[in-house]
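Here chain A shows up in two complexes: once beside chain B, once beside chain C.
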Partner chain A sequence: MAWAVMNWGLFKIIYRHTGEIGLDSGWHEHEFFIFLGTIWIINSLIQTLFMANAAEFSELIRTGNLDFALLKPIDTQFLISFPRINWSQLPNGILGGMLIAHSLRELMQEREIYFSVFSIPAFLFFIGCGAVVMYSVMICLASTSIWFGRNQNLYNFWFYITNFYRYPMEIYQRSGVGMALWGTFTFVVPILVVSNIPARILAQPLGTPWKSWEWGLAAYAIIGSLWSLMASRWVFKQALKSYRSASS
Partner chain B sequence: MLESAVIWWTFFKISINERLIYRADFMLGTLMRFLPTLTQIFLWWAIYDVISNTDTTNSGTRPDGNIAGYKYGDMVAYYLLVIISRAFSSMPGLTGGIANQIRNGEVKKFLIQPVDMQGCLLIQRLAHKLVYYLIATLPFALVFFLCRDFFIEGWPPPNALAVFFASLILSFLLGFYLECCIGLIGFWFLEVTSLTFIYMLMNFLLSGHMFPLELLPAEPFNIRQLVEYLPFKYLAYFPAAVFLGKIEGPEMYRGLLAEIGWVVFFIVLSRILWHRGIKRYSGYGG
Partner chain C sequence: MPDFSRLLVPDKPIYNPKMPTIEIKNLSKTYRVYQKQEGLIASIRGLFHREYREVHAVKDINLTVEEGEFVAFLGPNGAGKTTTLKLLSGVINPDQGSVQVLGHTPWERENEYRRKFALVMGQKNQLWWDLPAMESFRLNQHIYCVPKDEFERTRDELCEMLNVTNLLGRPVRELSLGERMKMELIAALIHKPDVLFLDEPTIGLDVVAQHKIQEFLKAYQQEQNNTILLTSHYMKDIEALCKRVVIIANGSIYHDGSLEDIVDQFSGDKIVTLQLHDDRSLEAISKIPNLIEIDAPKIKFRVDRDGVGRVLSQILAEHAVDDIVVEDPPLEEVISNVFSQAEEKSRREATHSNSR
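Right after this comes the complex of A and B.
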């Protein structure tokens, strides 16, 4: 929670010095805080539902207790993904929701925002897509502990990867390295798309109606989340093949 | 005298070996540490484009606006230099470690053995840090070489460079004794996690870890002025600002003196806390 507030403070300060992030990208202060709130919601979903389980999975591999999970007549990935819910991470998401509501109200006083009965369901749907993609990334990261023996850096890796999806994609769309990053985190690991699309639904940084590329990107977000789910499933299965069952 | 030197040397050697176990992991970890800086570069690029109202997306030039005296290059250079300051001043696990030892009674060994607790911990940290620098030099050099263009002014004058290095070493001592003091509060509170957390927050916001302190607002209340009177800025901001020439001349030396003052203050404070603490200590646990 404190991290979230700090993050908010950082951008409060940044927006004292600039009006927008990315020239003509439309990410003014209120728009950006809607984006930030979206990130908090996705993060808190992941941390509530999967983070502890992924860490537990690493531990199961190290101790060899994964044997018991493998023997059970239920899909292993399902079994290790959902046993625990870490409620303590939920407040961040609620905070994110509040930040979005507040920023949206401010924004509506400034300019016209297109808002219909579909906005909220669409927003939630793409948040869901976001959670799916981030879940896939986490499963892949956790699976690496089968090969590495132990993955103490799971949280670090997680932090470093999510670091790339915490900003509007416009900031990357420049120069060689930036385009490479943008391409990687859009098409290979689609984490940028899933943070940007839900935020764009509410914030509409470029106004309404959406530009055609925004529609394309939204469609791609759905394909991307399906593809990453399949990829993570494949990585998980491959990793299981190398499981040597320590200490048993 | 000689005897205690031998003891310290042994501690030192053990700690060095401890750290050399996972070399490859270490180097990779160091490189990963620069990833957030990569996004920072792009974030600030996007911001500076707006400030200077130029679109430098594919022109190969840099936006030339400035924020609080920092040009785009300065800003990136600042973030890179802060990583160096933090490599000296951050002490992961020190506070918690001390408090744990107090809680579970391990601290008893320092009451029985003729070794000083702070001295012992300091030697261990020193060894860990030295190994870290040894291994991290390569990735650091690589990253700084790739980013050399961001250092618009080039190398600072020799006296600033000397102050830079001195302030880094001092920031190591400051970080160590400051966190030591917080850990030693464990004699009274037993659990210092929340204190550590508050410290970490302050450190993040007020040390210049997140952004150059010049960006802090002067109103509604003057945080910008406040941080001048706190020890935090020496943990990240000060060395970087000296290197970039943001602080120079007499002000630079004054800053260095103030840093020395803070180090002495926290050394004395930690000795006092330790002596008061062991009087209060009741030795729970086995």
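Right after this comes the complex of A and C.
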């Protein structure tokens, strides 16, 4: 929670110096804080539901206790993904929800925001897509433990990768390197799409109605979530084939 | 008219009760093990160039086990016993060969197969460490889809047999090793498996706990008529439970037969203990070859199996003897000899194949 507050404080300072991140991107202060709140919610979901389990998975491989998960007549990926819930990470998500509510209220006093009965369900649906993509990334990272024997840097890798999805995608679209990162994290590992789409539903940085490319990205977020889940499952199954089971 | 008969042909072989419960053909598993050298420089060098050694954990094993058999897997450490059990339970994939257990290929990890067997490892723990064993049993009930009534009946029966009913509510971390192993057995048996793989279930237990678990396994197997493969380094386990013994060394099966066969085949001696009537006889006999110990008025010595009658009649003709005991050497000693012979054979074979 302290990290979330510091994060918020940092961007508060940045917005003292600039009115908008990116030229004509529409990501002014309140729009951006809606984006930030969305990220906190997705992160909180992942850290509450999967992070401790992914770290535990690495330990199961190192000690050979994954044997018991493989013996059970139940999907192994399901069994290792959900044994524990880390409730201590949930407050960050609640804080994210509060930040979104506050920023949205401020935003509505500045300009008109279009809401329909589908806005909140659509926002929650795309948050779900985000959680699916981030879960898939985590499963792929955790599966590498089977090949390497252990993966103590899971948290570090997670931090490096999630660093790229914490910002609006417009910031990448100004240089060659940026475009390469944008392409990678949009089409190969679609983490940018799933953080940007739910935030755009509420913040509407470019106003309403949505541009056609925004609709295209929303459709791609759904396809990307399914694709990520299937890819992570394939990686997990391939990794299991190489499982050696630590000696007893 | 469309031909529907093809639809009746199953994709996978259906288990025929007349088939052996376990059928292993030419099973092999080799591990590639990184040879790390000592020191920082060697570690840095290891980033660019690594040396590996191939460990043939299981080599071309063929084995058939029928329904209701209780088979012991014996072998020195690193012989390939646990690897074989892991292959049979589908935890790891083989490099070559085929295995059918109850008509299933284990490493395909079909749920139908996983509901029919259990693996208990004496050195690993499947119970939730911080929760009472009861919670783990309940989880297994749901995972294995055991109806509530059946689950409660089986749990109560097993708890009663192992005398642990009063420990069900205690966190696993607070149980003794023996109590924990009993709970591990219950967790593994809650779905009444047809095939049970036991990997050193009595390791580290005191003699009382060992004996209790032996008694339980014997009674349970007789009642359920399930097929059990057991690895253990305690000969008491083997003597108490298994009629058939498979000796495995360096990944290959060295002997497959009854315990009596092993003693007959691999122990050329008998141990004779005499209680003599007077010290004069004791002094005379003490010069006998292969003397083991003298604890007056008793003397213990080793005699060639075929020569027992001759030696005893000679002694009885010349000395007054109060008591005679003729017995096989301790099983541990016989098995140890078998292991040495098996390892020597493997070494010779390895040298032979390297020289070719």
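A few notes on this one:
FYI, the second predicted complex is superposed on the first by the 247 of 248 C-alpha atoms of A that agree within 3 Å, B and C clash if a C-alpha of one lies under 4 Å from a C-alpha of the other, contacts with A are read in each partner's own complex, and residues count from 1 in each chain.
Here is the rule we use: contacts are C-beta pairs under 8 Å (C-beta built on N, C-alpha and C of every residue); 3 or more make two chains touch, one makes a residue touch a chain.
Quantities reported herein were computed from a predicted structural model and do not represent experimental measurements.
In the model built by aligning both structures on chain A, chain B fits alongside chain C without clashing. In the superposition on chain A, contact of A:W215 is made with neither chain B nor chain C.
After overlaying the two complexes on the shared chain, residue contacts for A:Y160 are found with chain B alone; chain C is out of touch.
Touched residues of chain A were counted for both chain B and chain C, and B has more of them. When the two complexes are overlaid on their common chain A, residue A:D67 makes contact with chain C while staying clear of chain B. When both complexes are overlaid on chain A, the residue A:S245 reaches chain C alone and has no touch with chain B. Once the two structures are overlaid on chain A, chain A sits at the apex of an angle of 90° toward chain B and chain C, using CA centres and rounding to a multiple of 10.
In the superposition on chain A, no contact is made by A:F82 with either chain B or chain C. After superposing the two complexes on chain A, the shortest C-alpha to C-alpha distance between chain B and chain C comes to 5 Å.
By the touch criterion stated above, chain B contacts chain A in their complex at residues 25, 29, 32, 35-36, 38-39, 42-43, 45-47, 49-51, 53-58, 67-68, 197, 201, 204-205, 210-211, 215-217. By the touch criterion given at the top, residues 2, 6, 9-10, 13-14, 16-25, 153, 156-157, 160, 163-164, 166-167, 170-175, 177-178, 181 of chain A touch chain B in their complex.
Only residues 31, 82, 86, 89-93, 109, 111-112, 114-115, 118-119, 121-126, 143-145, 199-200 of chain C touch chain A when the two sit together in their complex.
Within the complex formed with chain C, the chain A residues making contact are 63-65, 67-68, 70-74, 76, 241, 243-245, 247-248.
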